[in-house]
Every structure is written in structure tokens, then in C-alpha cells.
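Down below is the structure, laid out as C-alpha cells.
Each chain carries a letter (A, B and C) given by its place in the written order, and its residues are counted from 1.
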Amino acid sequence: MSIPELLQMTLTGINLGVMYALIAVGLTLIFGVMRIIQYAHGEMYMLGAFVLYYWTEKFAMPYWLGILASFIVIFALGAVLQIVLFRPLQGKNILNSLAVSLGLVFIISSTGQIFFGTTVKGIDSVVTGGLVFGGVYFSYERLMITVVATIIIFSLWVFLKKTKMGTAIRAVSEDPDAAALQGIRTQRIHWLAFGLGSGLAAVAGCLMGTLLSIVPSMGFLATIKAFMIVIMGGLGSVPGAVIGGLMLGMIDSVVTTTIAADVAIIVSFVVIFLVLVFKPTGLFGQKWD
Amino acid sequence: MNVEKAQLLNVDNLTMRFGGLVAIDDLSLKVSQGEIRGLIGPNGAGKTTLFNAISGRHPATEGTIRFKNREIQKLKPHSIAECGLARTFQHVTLFKNFSVLRNVVAGCQLKCDYSFWGALLNTRDTRRREAESEARALEFLDFVGLGHVAHAMPSNLPHGNQRTMGIAIALASEPRMLLLDEPCAGMNIEESQEMVNLIRKIRDSGVSVMLIEHDMKVIMRVCDNITVLNFGTRIAEGTPVEIRENPLVRQAYLGSTTDVA
Amino acid sequence: MKYLDQIARYRWEGLFLFSLLFPFLCGFDKYLMHVAITISLNVAMATSMWLIWTLGLISFAHGGIMGIGAYTSALLLTKYGVPMWIGMWVGAAAAGLFALLISFPLMRTRAVYFFMASWAIGEVIKRNFAYFRDFTGGWNGVFNIKAPVLDLGFISLDFSDRTAFYYLAILVVSFVILFIYRINKSRTGMMFWSIHEHELLAQHIGINVLKQKVIAFTVACFLAGLAGALYAHYQTFINPKSFDIWKSEFALVHMIVGGLSTVGGPVTGAILLTVIDELLRAAGHFRVISFGVILIGVVILLPGGLESVPARIRNYLSKDLHK
């Protein structure tokens, strides 16, 4: 393989990796705070993309505003779902949350098929073109998306580390009882975290919306990837999700380029399985009981 | 009169390290057959950690633990239970959705002679064995004084009874030695006295006991010997009278509200 | 307690009798017997997943495991002419062996990690079926998996006849249910539930938790593989898509809606939901939506599933009587 090809592959890997990280980070947040399985996380990603689609294509509103709108809408949806469906399950076995979120997958993806139709849609790119440098093609759009996603992830990190609310979220994630004793309103943190996590997935959907075709069934693949990353990185660990995302993006890029696209997902699963064998709680995970 | 009683449990130079923290530092102790040994010390002294090491919950970092002359420090908890070492836990540890009786039957399963194929075919032999298990479980419940609530659900029992249940479950595996972790926690004077009687009864039935307790009255009353830990090491060992007089022990407890008397 | 056991026994006997008479009752209707066969296979999947649940584990590898049984039996027939009577047991054994091998790394993981790891395994299996194109037919799958003909001399049974296959399916499924029921009632079952209830305590009373998890997983996957083999010879063609996450998801739904305390739960759930699924077949997307609604409804409004209904009715009636 030549150097430019290697660089191209690496670039694609980073691009993919950051996107994956963005989806995964939302999921790990939900896990960490509520200790539930949110099997419908990919559906939030899908809905986010569709909100943007309708915003830009049907209502002809500006792209960037659309991403914000999508975040807000899906954040609200996530919060409502948490309060209505997941709060009653508090304290119960994790199977319950899996079941409810599975039910949501059924409902959301099928409703999506009905309302959005099955024709493939796309969102027009806001930025086109690129430049060739050293034999490597730098697409402006992909660069922009990567930069935006990185900024968002970084902002999340700052939010969690430095702000009062972010610290509260981390507290509940580490020790819900201690957090409650400190006067943190855990119920409120729950729907906030769920909304935030879902909103981040929605933004990921928006960003991917210009690159990929948008279909109501696109949620499932996002769910698989998000779960794989979160498991590998460790449930509840944001750095784990980021590193896991980048690793997965790299694997996908490398394997697709060198062998075949089909094999990429097999390799990712094998890698994740191996990580779990040596570190049963993921790279940065805590023990769960 | 036995000149030297058999050493049932031998802990030699045990060290337990968790990451950077040394919870137990080069600890040695021996417990004889038929003994009731008390284990006391301030909070964080390493008492429960010692139990965890002996019962196999956490592997020993260094040192050896011998039970009935067999090295057990590398064994998993279930193997150690098979050797005849049972324990209770600091917090109430039960099968919440099993009835009281079923909890103890579960404890019995270790000693129950079992044929997998017999169970599959539901032979008369299997049914007889199952009935025997239930009868034996009931005996253990009677032994600890809970026979009358055999069919209740544990969550309906008062806290003290739940702790006693834990003891019944441990006894059901017919151990030679029982580790009791704060059996009197949350008990009033009457309940503690009943526990003292129970512990004596357990020892008289052939089961040696090692117990962690913060209630000094109980310790002084029931133990043959006491080992005192602080900062993961043994600072004193002896009879209750000796321990009471020991200045090092008083010093260790200085500032705590526990009265060493 | 004994009274309730008797009622349960009557229910099971009634169900079995009904299944034996079913072809006669429905006039040998091919479609209805097809539904019944589908129900049987779903019951096998749901109950075997339930067996794993009795230890507190959720395995999403089930679809893939079913596929191992199916592909093994199918390929043995199409490539080497091995009859189904042998092939289906080899298929089940292959699934069981795979489960056994994968158990050792898998059982080191806990709870959610286990779920995810098992999901990964299921997905990898499915994709491997597709990847080894030359051997397994890739995404196109395997065709012409004929059901066998049993020649007993005085009578010849062609199992491609729906009625014949129906009875075969009933026979196999009854065996599966009985087997799982007896394991659950035995000391092994008690060990499983003890692990489910409190793994730490179970360890300390002498239960080799790892060994029991491996046993449960292996046995359950063996049974799923058996169901898969039957499935292959019934459908006469299989492809990787038949063994994807939907199979595991449906088994989970059947299990949860039916109830989780006894083996009767997944049986009830599988029967009821397969029937509903068939009734809604024409409704397109609403079919899947209904499943979602039922699932969420049961979890939130009827915890304990359908098998908790008789007890609830009894409680309600006895409260009424005390007024």
C-alpha cells in the first residue's frame, strides 16, 4: 500500500471514528446514569436525521439551525420517553428496560416506515468539493463533519467536567445513593441524561444525513455500532466511548480497504469479543452487579 | 484433656493488596478445632477482608491459608465451601424470592446426594432425596430457632431473623468451620443474648466459629480467644481477660465510642 | 400448593391432548398446521432462551445458534446425503458444542456485557454463513433441504407431508418442554435460580457458578440447534437472513409476554404471539407496531406476564369475597 492510500485510509478511519464516537457517547451516558439498556438508541439517530431532512428539504430552513432543531426535538422526545416508560422500571431487573426499548424499536422503526415511506432520501450537502494534497483527497464536507463532531464531543467533555449539571450527572453515574444524599435530584438527572444522550445520537444522524442515504431502517446499524463501542470502551465511560469509536472507525476503514466491507463488521465483533475476554468490563468499565 | 488441639485453620503471612492499598499486612493466625475465635478491631482494620480471603472471595496476594491441612488460598469460593468452610456476610445476604425454607434447602444442596438423570426422569429415589433435603433444611431452621417461619418470605421477617437465616443457610452445607460477619448487627440485648446461645450451640454441635463483632459484650461473653486487628496486622491475641487488660487494644479503640469492657 | 400443581398438570395434559387431535379438529388444513408447526418451533426457541434466563442471563446469540443447527443439518443432507434423522442431532450437537466452546470466554462477562457479547456472537455467526459463499451458498442460502421419508416396511411416512411433519414437530417440542421443565424442577434448576437470585451467595454455598452457566448455555443452545434443524427441513430452504436478530428478539418477546417464572410462560407467550402475528400478517407495518405495544404494555402494566394472570384473578376474587 502506498503512503497516500495509507493516509486516505487513516483519514477515513478518523472520520468514521468520530461519528461513531458521537453516537456511542450518548449511549454510554444513558447506561452510566440509569443502568438501563436503551436498545432504541439507533432509532433516535434515525429520527434525528429525518427531522433534519424535513427541516431542510420540506421547509427549506437553514442546515445548521436544523441540526439544533433536531437536537432539541429528539432531546425532548428522549426526556418524555424516560419519564413515561423508563422511570416506572427503576429498580427492576435490566431485562425490563431491554424489553421496553425493544418495543420502542418495533414501534418507532415501523411507524417510520409508514410516515416517511421507504424511498431513499438524502439531505443536500452544505459544503462540496475538496482538495488533493499529497495524493490524498480531503473532502471539505467530511472534514467539516469531523471537526463539528469533535467540537461537540469536546464540549460534552467540558460540560461533564466543569459545569454543575455535568458534575451532577457524573455523580449520579458513579453512586446514585451518594448523589441523592448530596441533594441532587436524581429523577431530573435521569431524564436530562436520557434526553442529552438521545439528542447527541440525533445530531450524529444529522451529520451523517448528508453522507448516507436516509431510510427508516437505518437505526439498527447505528444501534449495533453504538453498543459494540460502549461495551468495548466500558459502560458509562465517555473516554471509553471515544476511544472505542475511533478504534472501530479505524478497523472499519482498514478492513474495508484491505479486504472487504462484509468482513469489516465480523472483524469488529471479533475484536470486541477479544477485548471482553481480557477485560470483561471493557477497556475503562466498572463492575456492574 | 487435649494437650494440643488440632489446628483447623492456619493463616500464614497473609497479605492482601488492592491496587495500592494494603488491607492486610503479613498476618498470621491459627484457629483450633472446637474454638470460638473473636475477631475485633476498629473499622477498616481488615476483618472482613480477612474473611474474604479465607472464603475465597478475593484471592490472597501473598501468604498461605490452610484449612484442615489443605491449602485454600487459591481456591474459588465454591471449592472452599466444599472443604467445609462456610460464612455469613456483613449485609443481609439471602435469596429474596425464595421462601425461608427454600433458602436453606439451597444451602443443603451441597451435601445432597444427587443424580442428574434421576432428577430428569423424576424417579422415586429422587423424590425421596428431595423430601429428605426439605426435612434436613427444616431441622437447620429449628436449630437456629426459625422453624416456625419456614414458609414465610424473607422480606416479611424482621432484620434479626434475616441475619439468623443467613446462619442457617451457611450451616446447611454442614461445615466444620463457620465465619460469622457481624451476626449481632442491629440486634437488641435480648436478640444478642439469643445469638450468644446460638453460637455456643453451634460450637457444641462440632462446628468451630470465627466471628467478627463490634458488640464487645457479645465478644467477651462467647469467645474462647480473641484476635485484635488494626491496619491489617495483628496487634494482640489472647483470652477475653487478657485482651481487656491489653493497653495496645485500648489505644486502638481510643476515640471510638465502643467500650472495651 | 399441590392444588395449583394439579391445575398446571391438567393444563399441560390438555394442551398435549389438543395438539395430538389438532389436525383432526382443523380438518387437516394445511395453513393451520403450518401455523402450528411455526408455533412449535417458536416454543422451542422461547423455552430454551428461558432456560438461560433462569440463571439471570439474556442471550441474544439464539438466532445464530439456531442457524448453526439448521445449516449443519441442511448441508449434511444436501452435500453428503445424511438423512435428517441423523443430521438434526448432529446439528443440535454442533450448536451445543459451539456454545460450550464459546462459554468459557463468554461467561467471564456479566449482565449487560454478556448480553452484548452474545449479540455479537449471533451476528458473527450469521455473517459467517454469508461469507463462506462456496460452502454455504452465501446470502442465497441452501436449497432443496428435503424432509425425509421414513420407510418402516409396513408403512411409509413422507415427512414433506404437512400432517406428518406436524406430528414430528409436536413430538420434538414436547420433548424439549419436558426436558427443560424437569431440569428446572431438579436440583440443577434450583442452582440456576440461586445464581439468578444472588450469585455471590450461591458461590459461597458451594455452587460452581461458572460450571452451571456453561451447562445451561450449552443445553439451551443444543435445543435451539435442534429447533433450527427442524426448521431447515420444514422450510426446505434457509439463508443467513433467517437467523438474524429477529429470531432472538422474538424469542425474547415471547418469553417476556408469556411470563418468566415457569416454563409455561414462554410456551404461552410463543403460542399467543405467533397466533397474533399470523392474524396480523396482512396488516403490514401495524403488525410490528402491535408487537411493540404489546411488549411495552406487558412490561409496564402486567409485570410477570400472562402466566401471572390466573394468580391475579384469584387474588382479585379473594379480595372481593372478603368485602
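In this section, a residue touches a chain if its C-beta (ideal position, glycine included) is under 8 Å from a C-beta of that chain, and two chains touch if they have at least 3 such contacts.
Quantities reported herein were computed from a predicted structural model and do not represent experimental measurements.
Number of steps on the shortest path from subunit A to subunit B, with steps defined by chain touch: 2.
With centres computed from Cα atoms alone, the innermost chain of the structure is C.
With centres computed as the average of Cα coordinates, no chain lies farther from subunit C than B.
Here the CA centre of subunit A is 48 Å from the CA centre of subunit B. Averaging C-alpha coordinates per chain places the centre of subunit B 42 Å away from that of subunit C.
Per-chain Cα centroids separate subunit A from subunit C by 33 Å. Shared interface positions of subunit A, defined as residues touching 2 or more other chains, are absent.
Taken together, the subunit C residues at the contact with subunit B in this complex read 179, 182-183, 185-188, 190-191, 193-194, 197-198, 200-209. Those residues of subunit A lying in contact with subunit C across their complex are 31, 37, 85, 88-89, 92, 94-96, 98-100, 102-107, 109-111, 113-114, 220, 224, 227-228, 231, 235, 262-263, 265-266, 269-270, 272-273, 276-277, 280-282, 285, 287-289. By the touch rule above, subunit B contacts subunit C in their complex via residues 55, 57, 76-79, 81-82, 86-87, 89, 93-98, 102, 105-107, 109-110, 112, 114, 116, 119-122, 126, 130, 169-170, 172-173. Here subunit C touches subunit A in the complex through residues 53, 58, 105, 108-113, 115-117, 119-121, 123-124, 127-128, 130-131, 245, 249, 252-253, 256, 260, 285-286, 288-289, 291-296, 298-300, 303, going by the rule given at the top.
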